[in-house]
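Both of the next two complexes hold chain A, though its partner changes from chain B to chain C.
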Partner chain A sequence: MNVLEKLQTIDRRVLYLLIAAVIAVPLLQRPSRHPRIVFAEVRNAYETLQKVPKNKIVIISCVWGPGTRAENEPQTRAIIRHLLMQGTRFVILSWDQLGSQLTYEDASEISSELGKRYGTDWVHLGYNPGPMYAIIRGLGKSFQEVFKVDRFGKKLRSIPATRNVRDYRDIGAVVEITPSGTVASWIAYFNQPFDVPLIFCPTAVMSAEAYPYLDSGQLDGMLNGVIGAAQYETLIGMENERTYAAAAAWALSCAHIFIIVLIVLGNLGYALSKRSTRRGGGKTIG
Partner chain B sequence: MSSVWNWIAIPRHGWQFAVFLCGALVIGCAVLMLLTSTPPRYRKTIVAAVTFLAGLYYALEFLIPPALWPLKPPRNPLSEVQPLVATLTQIIWSFALLLGVWNLFLIHGRAVAKHGRGWYNSAAFFISFFAILGAGLLKDYAKNAGLSKASESIFTVLFSGFLTSLDATMFSLIAFYIVSAAYRAFRVKSLEAALMMAAAAIIMLALVPVGAEITNWLPQAGLLSALRVERIGYWLLTSPNMAAQRAIAFGIAVGSLAMGLRIWLSLERGNFFDRQL
Partner chain C sequence: MAEWLAAHTKTLSLWCGALATFAIYSVLYAENRFYRLFEHIFIGLSAGFGVYVTWSQVLAPKWWQPMVHKGQWQWIFAAVLGSMFYFMYSKKHAWVSRVIFGLFMGLSAGLMFRDFYEIYFPQMGASMKPIVGNSISWWDSVNAIVFYAILISSMAYFFFSFEHDSPVVQKTAAAGRWFLMIGFGAIFGATVMGRMTLFIGRLNFLVNDWWPTARVAWQYRFFQTAVVLAVIAVLVQGFRALKARSKTFPPSA
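Our next item is the complex of A and B:
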């Protein structure tokens, strides 16, 4: 086997080892440097939450579970931190059984770090099986009737943070953190009919679908995967901290470059072997 | 209607909770038995009628503006019961969870009973199911402080150590397959393939911090700034990508409308719709 063939047929186990190393090094080293650029949609998301009046509540709707934790958890943590720092009350609603526990742990950790209290500054509504459209449509009419109790079974009417939340008029914004295209339900059944700002936090692979909604103004901002989370951290003053989002942003940088290099190598081998085939030697693979 | 529902739906404790639980079970079983004992052709009609009524509610509630109802002040009366409908649908959807558990018990129970090939995998399901269920319940409800604390530790190990890590691992495997597939499948064999590859490479670089570093020597403003990787990537996302996404979204919307109408009117045929219930 000559070099041209080898370039096209690197053993997949070698590739697996290399990609594992490429991703692991920045994650272990944890660089503090955050991305230099902040996308317009991330800045818009930040400004939207900055403008939420203090007498209104923000709904953080989390559809994610451990599968997409690497991307959605940094987004959730960045949003929670921002809201707690500026003193905006929020409720977390989880549509995933495992995600419910993870989001509760995240909010508890950040809340105790910032000296905030459960029930006064934030509330977790627990896991909800769905269907999303029915619940979303219902909560615009009556928040208390749709979500009667929090994750511990305590009545929302008796919790200071949610006591006065009646319907859409008391909801300042919705943040949808999701690995899939669930944002369409919020747009159709809540944010458009009741004119409430909506921020979308998808995994990077899903973000391309959101640009028409951003362009039409149906979305007020977006955190594009873990990069969006790292950019959001820059906006809330964490640009010099060693966070997971910053490390993941550099790990993704290395992984993307590695993939591009591999594709170029494969194509180089393909092009060269094609040329030598035409001349009467060599073998084209792929 | 709403006040009756509120009376039914308020959280109960102690003997009231037990009475409501038993009542719900008896009514649920009775309805299920009634439905099961109904001849198939009538059963199908009942399901079609319920589907139609449920769809009709949403169609009327969502599509008819409040001004068209002869009420003062103008309002859609169907919207007022929306929270009640939301609660009812939540309850119905919760049954799907129970159905899933029941199905798993049936399949793995049979495998364990038959002692067939790989039966120990099914046994592992039962062990893990009852272990996390027991630890979770004891953690929240055990009256003995020591037992509660021990259960919490076990639950943490099972939840954080096993469940979330296994779930994340399954998803993370995709990264390895994507790398391998991209390396093997991406071959520039045509102009279209070359364009796609160039666009993909630019987007991949534009969305990560290193992209901005590569072309950081270019000015932030002016004509040359348009050549910065993140600018080109943003243009690709907000112009060609957005046009394509809009076209796809329109297509999906029209298809969903047609599909929704077929299901609502029970016209859909094929798997899950034609089989005897």
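Our next item is the complex of A and C:
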């Protein structure tokens, strides 16, 4: 058995270890350099949030939990940081029990880092069990009647950031951060009827299916997985900071190159072993 | 003890996280009890936390307190309607649950109409792209032509109302199948990217969060002993697993 033939029979556990090693290098080194190329959909998302008037609020709807934290958390953090930096008020709405705690911790950390205050600059509405369509439709008509209290049970009418929010007219944009196909509910019950800008932040698995929505103008921007988050960080002036999103973007590139090399080598070995079988009448592998 | 726990919460949570990560990823080597134990711990913890969050952030402030403390007695009807679901466990009274299930099915069917026209009608409209015009550049025209070629050939693949006898329809449908395959390939590539990112997230936790605390802990003899014992336990377990495997699958001659 020659080297190329052996490449077809590598133990999967060896491959797992090699991938872990390839990924670990950028994570250990933590390069500060962010991607200089920014996709049009990421730039559109940034510009949409830049245009939100100061008297309006942004809704950050988080459907994610610990399972997709690696992808959705960098997106959430980048959006929160941008809004706090430009002084746009926002509310976080969580549809996942564990994600509710994680998003609150993220916003608290960034908020204290930038000297912003809970209640004045942002509010967390806690966990909402759904049904999603009913809540989305309702908040467009009466924000205060649907949510009533924040995650600590305090009335939204008594909180400065949400005191004057009546309905869709006071909502400047919606950011949907999700690992599932929930964006359709926002499109059907909020974005289309009330004409409020909608930004979609899916996991990479979901992103390919979202392009028809971008093409039709139903979405105003998109952050595609952790790469989208790294590109967004570039736009908000973090291009020279050592962040997880930047390191993950490099690690992802390394992993992709490694996988492509493995695919090429595996196929090359397969083709050569087939050729030698035809010539010498030897035994095929697998 | 309580003070010590309070002072070391961060370190303990990092160690618990690392232990859980190693346990869950141990399944990549082989199915084992360590993995199963932590899988059950995770399910139990998230279920318990879910009950707490549902009560503290939803039921208590939005249902119980208005009903009991603020005189909004009408909320009792929510409990009546909600409890109807549980009659599905009774053979005799299952019809009660069918009433509420029927209500929700009717609601969902009605909502689908709205979903359809709000989601797909704008996409149909957006598919009618102009090929020529005053504000259309030559590059936009090329893009629009490629778009129409892919749209028509992909739709031709799904024309099942008539036989694909004509060579034109056959070739167009075959091209459509190729375009669909390329689309599925893109989705699969994105899936690999997503799964890889989840792994990167865990590895990032181990490398940048847990490893620095592990290095600090290495200076304590107690910790060194614990690590050595853990490594021996893993090696023994691995050796026993390999032995059991060689008995089940004896090496072929």
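Points worth noting:
Basically, the second predicted complex is superposed on the first by the 277 of 286 C-alpha atoms of A that agree within 3 Å, B and C clash if a C-alpha of one lies under 4 Å from a C-alpha of the other, contacts with A are read in each partner's own complex, and residues count from 1 in each chain.
As a working rule, a residue touches a chain if its C-beta (ideal position, glycine included) is under 8 Å from a C-beta of that chain, and two chains touch if they have at least 3 such contacts.
Computed from a predicted model, the values in this text were never measured in an experiment.
Partners chain B and chain C, once the complexes are superposed on chain A, run into each other and clash. When the two complexes are overlaid on their common chain A, residue A:Arg69 makes contact with chain B and with chain C alike. Looking at the shared chain after the overlay, A:Ser253 reaches chain B, while chain C stays out of its contact range. In the superposition on chain A, A:Ile10 makes contact with chain B only, while chain C stays out of contact range. When both complexes are overlaid on chain A, the residue A:Arg30 reaches chain C alone and has no touch with chain B. In the superposed pair of complexes, A:Gly130 makes contact with chain B only, with no contact to chain C. When the two complexes are overlaid on their common chain A, residue A:Gln218 makes contact with chain C while staying clear of chain B. Contact with chain B, but none with chain C, is seen for A:Glu145 once the two complexes are overlaid on the shared chain. When both complexes are overlaid on chain A, the residue A:Asn267 reaches chain B alone and has no touch with chain C.
Once the two complexes are overlaid on the shared chain, A:Thr203 sits against chain C while remaining clear of chain B. Touching of chain A by both chain B and chain C, each in its own complex, is seen for residues 16, 19-20, 23, 67-70, 98, 101, 128-129, 148-149, 153, 204, 208-209, 212, 215, 225, 227, 252, 255-256, 259.
If you check the complex, the residues on chain B that touch chain A are 6, 9-11, 61-62, 79-80, 82-87, 89-90, 93-94, 96-97, 159, 163-165, 167-168, 170-172, 175-176, 178-180, 182-188, 197, 201, 204-205, 207-213, 216, 230, 234, 237-238, 241-242, 245-246, 249.
For chain C in complex with chain A, the touching residues are 28-29, 46, 49-50, 53-54, 57-58, 60-62, 65, 111, 114-115, 118-119, 122-123, 125-126, 183, 186-187, 190-204, 207-208. Across the complex, chain B is touched by residues 10, 12, 15-16, 19-20, 23, 33-37, 39, 65-70, 98, 101-102, 128-131, 134-135, 137-142, 145-146, 148-149, 153, 155, 204, 208-209, 211-212, 215, 224-225, 227, 230, 249-250, 252-260, 262-263, 265-267, 270-271, 286 of chain A.
Across the complex, chain A meets chain C through its residues 13, 16, 19-20, 23-24, 27-28, 30, 67-71, 73, 97-98, 100-101, 126-129, 133, 148-149, 151, 153, 184, 187-189, 192-193, 203-209, 212-213, 215-218, 225-227, 244, 247-248, 251-252, 255-256, 259.
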